[in-house]
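Okay, here's the structure, questions in a sec.
A, B, C, D and E label the chains in the order they appear, each numbered from 1.
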């Protein structure tokens, strides 16, 4: 991964914009932004494997869905608070990640992709079959509990409050994920993508490291799942099916796995395109499929890849203009 | 009849379904197994075969003609896909091919619904295939036996071509060492394009045969694609006998799963895939990399 | 027959061949000598079109082939015996040969008996013995024989041989050298990359010495024998 | 031969691939601080031998011990952590990362900072300082921000060796470090190796006899997977067996 | 430079947001439809929409609703609950729809239903029959105008239990809540009508099952003399066609055989099958003929069969409720809808106050080689069953009062 030219100013501007966004857009659009934020976490967690780790997974929905079910069941049956529920959703995702990870991180390439797919399908089938717990494809409906902060009770029914809650969680998660890329483990992830064998020859236990990264990716996917479930106030098997697993792949790909914020752009773009296209055009799937193909053909590094190559060209031109 | 006496017939059911699965998966064995292209549009090509067959049947009334023309059409589409789309993204790797074929599957499925409508279509098979045959005291649909026959024939023809002719040897060699084959004077890109075409044509043929049986409907691509990947992976990438064995296993697993553990039946094939990938990642009859 | 003029080849951004020029005349055996990694193999890959030249011309029998695809170059009459041998491990010896087979010989080979499967088996009795063995089970020497035979049945006019004796036992080395001599005697032109100076001196009509991607010297084996300076600075260990 | 001071001890090593014996009863010792060159014709099994020591392959038979502890069959990272580091004949770096990151990852591993979350890598002053030291040592400090894959060949070779050096091993194994280098580059690399590996055991595969003679105090000739001869350079260069098998009886000269 | 990218994204995002705004005219009222319009089930969504459109055309033609023309805003739920909820929010928050209609999927229906108390808008379930929607997960914003699974199979149980001598039944259903409901309520219902009936087998197969042969041999081995199946779409077609081909001659009691898509393929294979629904084409009465012809007129020459008919009836009932309330206000419409009786083609349909489940009579039909409706064999009604005979009590339907 290219080192992004990270500066605080644009980040602060974006956060400021997100803070005042409820004043600018309608309630429904705000709902859409919430969806985008949740999928941003999901896509970023996926990118730990895909963009940073070089692993193509078909099974990331398993952790998203598992986290979502854990959150819902715990809140519904054990009256957990929402932050606690979402945290445990993340832990559930991590637990599943480590369980499957033991097997899958040995694999590479197509074998990895297909084993993750098999595990995803197993979890999906389990969710469909274990009706007493998961409610089958009807799912489980529940109420988003209010947030108790000391003596305060914040009504999370209100879109506005819920928006700020999700914003907070998203900022924390993205912050953690960003920080993670700067830690030794994050750098090691890139090393393993580039040349796993060499990484092991300079003393890194690549298997255990991959497993840890896989587990962490599962954690954040679980958090995203928990948030999504709390947002929809229900969870069904579509949280865990293959469509979800390919959605996150597409988001990451469309945004571009090569940059940290690429998946965020992808998550926003896909959510938006899907929402708008399907409202405007009945046969929107043709347009969306066509867009994918054009993107794959002409922007193999995703939207952020387009930006990077534009910047490179611009840099070159600037350098060229300077008299040497 | 008691539960035990239906075991032979259940075996036959599983066999026929497995062979139908093999028929559809045979093309993917070439495309995914040999060329390594994660072709998610294979199901869509299969569906196209079924729909082309429907239209040809409407115009000409000749089912046998469908079995020739529809595969040729689908094969041609496969060639176009390889030449103008997949070849361009091949250097970028699996994810790109996957996404490209995903987009294609989307588009093909929508176009099919646009052209032929959303409703399932009625495909009339020739009278000699539509009846039933009595044997061993059971009634068995002729068409199911026809499926069995075609699948075995396709396997035999493919097996002979792939393993016994120079063309097949070239394909095997081009898959493992394309540069060397190229340097020996063989146009490898053309070989791959034709291979993709043959894979497409096999999907098309499977559509012609499978359409009347599994019903020509817009959902037929989406419901079969995962099964196809399971077959190819379990059998071993690029191994035709492997695909046959895997199809047979999955057919029987399904059939006997329904008999003995009906609640678990749909999980069995994924369990099989996970176990095979963990224990023998190269597949049952695959060559170790 | 083959003429490279000012050929430049790159791997991505690294410049491997710098203005390489060399000729192989009809019926001649030319050796290309140099240390590891100086661009010998790249020269061969460039001629074969596997790593196309970025600049420069490659002429083969009065045709510019520098933009041709490898299979077109092969069909034009150039055979390639790569250093890595690249036999097809899952195919039998016979099947390996079948892939290279091209029945009609080229004009310049006229008057000669074309290389058929039978002729190959006669020339390489060890291959005949192992006709139905999988390529992957052959010994190093047998693999080298197979690689050469596979190229020969394509009846090339010019054959590029990259380090044929690498890693082979001395006895087998002699056999391989003999085979190359036989090929040359048949009138097939040979461009040979070799590290063993003795073999090159024995086989070649002319010798090019390459270093750091540049042709540093060329001349006859006799001249090289007498030029200790060239040997010292570019070849010897 | 006394057993004391032996760092690496290899006894009766065998390795076969699909029935082909590549390493065939190989026995070899490396003492502390010894500078040991491995020579032999191409395909003699030198690189396979390296791969067996460093855990890329598992021996079919035989024992490898390092500082008296058996290491055969261990995972590469554990062998590395015991103090063996190697470079590769075919450049084996992290092409998509910057030169700095390439070296820094090795420094992090050496310092045992692998899964730490406490600090950002860029804030670890000591790590970055040591990285810069290594970069200076291999002469790449001015190119530290470039992608490793975009360096020219000589610089990539230097980086390849630099990565191996950076883990500060007890024994360093270099597989043809000067392969494909020009004379000047070779000279630079050799002096760099000499400088940076002072006092450490060195095991080096090399074809260039100048390099071998200037670096090694012991030479072992491997031929057909076994040690043909072993001893000081002057003895080896006059050994007729070696001349025949490796240096080649040059009829012309 | 990073800033440029970010500002660019913000720019594009805000542009898209602006474009999404819709104009709301004062003289129209929006009905939201959140149906499946993509993927393999598009056919179900499309036909639900035909039914709704016909009802809306009819109302608009007769002067609109409370002086306003009804405008349909149609969104694609893609067959996924979460997308359904997202689109429902859009329909309510952005398009100010007074009602959201969905019928094709029980799963999506459940998801939309549970979101409605938040949105304070009515969800009209015109054809999703899973019990939970008006039972266990009941909330006052949800109204179901079709039969539920319990009523649907009760009609079949009534027929098989009282009109035939068949007493050995094999239940084969899709492996999801609808299939489970069918099996569970058939067992309950058959006890009421013929307690001597034996359940000789019970199978649940995956939706979109490809090969039914293994099930057919199980059915044959069980010695059943009739089959009950809640399958729809290709799952029903396959069961009927493959069953007949494999020599299964016993009748199949079905809930969705009135689908022209199924009959168009099953054709002669459906001979001997029995179908039940709240209305089936071909009832020989003036009222029924008027019902069919009106639909025919307002729907571009289609016939009210299958979900088309259910969506048509449901939408008409909702329009009736609004008329009765005299207002589009959600609370007033709910009040008016509860307990309302609407005169259907074969008798009155009453909206039960407690669980908002329509109490409708049902029709039983059998195979007919030719009808005036389609150019392939279809069905002909053989009996009607009054609403009281198929009603499922609140207790039996698992109803739980709504508590916030």
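Here are a few things to note about the model shown:
By our rule, a residue touches a chain if its C-beta (ideal position, glycine included) is under 8 Å from a C-beta of that chain, and two chains touch if they have at least 3 such contacts.
Bear in mind that the values here come from a model prediction, so they are computed numbers and not experimental data.
Traced through touching neighbours, the fewest hops from chain C to chain E number 2.
Under the contact definition, chain A and chain D share no contacting chain.
Seen from the Cα centre of chain A, the chain whose own Cα centre is farthest off is C. Chain centres were defined as the mean of their Cα atoms; on that basis the chain farthest from chain D turns out to be E. Between chain A and chain B, the centres computed from C-alpha atoms are 34 Å apart.
Rounded to whole angstrom, the centroid-to-centroid distance between chain B and chain E, based on C-alpha atoms, equals 35 Å.
Measuring from the averaged C-alpha position of chain B to that of chain D gives a distance of 50 Å. Rounded to a whole number, the gap between the C-alpha centres of chain D and chain E is 73 angstrom.
The residues of chain B that reach two or more other chains are 109-110, 263, 266, listed in rising order. Residue numbers of chain D whose C-beta contacts span two or more other chains: none are found. Taken together, the chains touch in the following pairs: A-B, A-D, A-E, B-C, B-E, C-D. Residues of chain A touching chain E in their complex: 4-7, 9-10, 13-14, 17, 24-29, 31-32, 35, 128-129, 131, 136-139, 141, 143, 157, 228, 232-234, 236, 238-239, 243, 265, 268, 272, 275-276, 278-279, 282-285, 304, 307, 311, 314.
Those residues of chain A that touch chain D in the complex are listed here as 1, 3, 179-180, 182-185, 187-188, 190-191, 193-195, 197-207, 209, 212. Chain C makes touch with chain B in their complex at residues 48, 50, 69-71, 73-75, 80, 82, 86, 88-91, 95-96, 98-102, 150-151, 154.
Chain B meets chain C in the complex at residues 166, 169-170, 172-173, 176-177, 179-188, 287. Touching chain A in their complex are the following residues of chain D: 54, 56, 75-78, 80-81, 85-86, 88, 92-98, 101, 104-106, 108-110, 113-117, 119-122, 163-164, 166-167.
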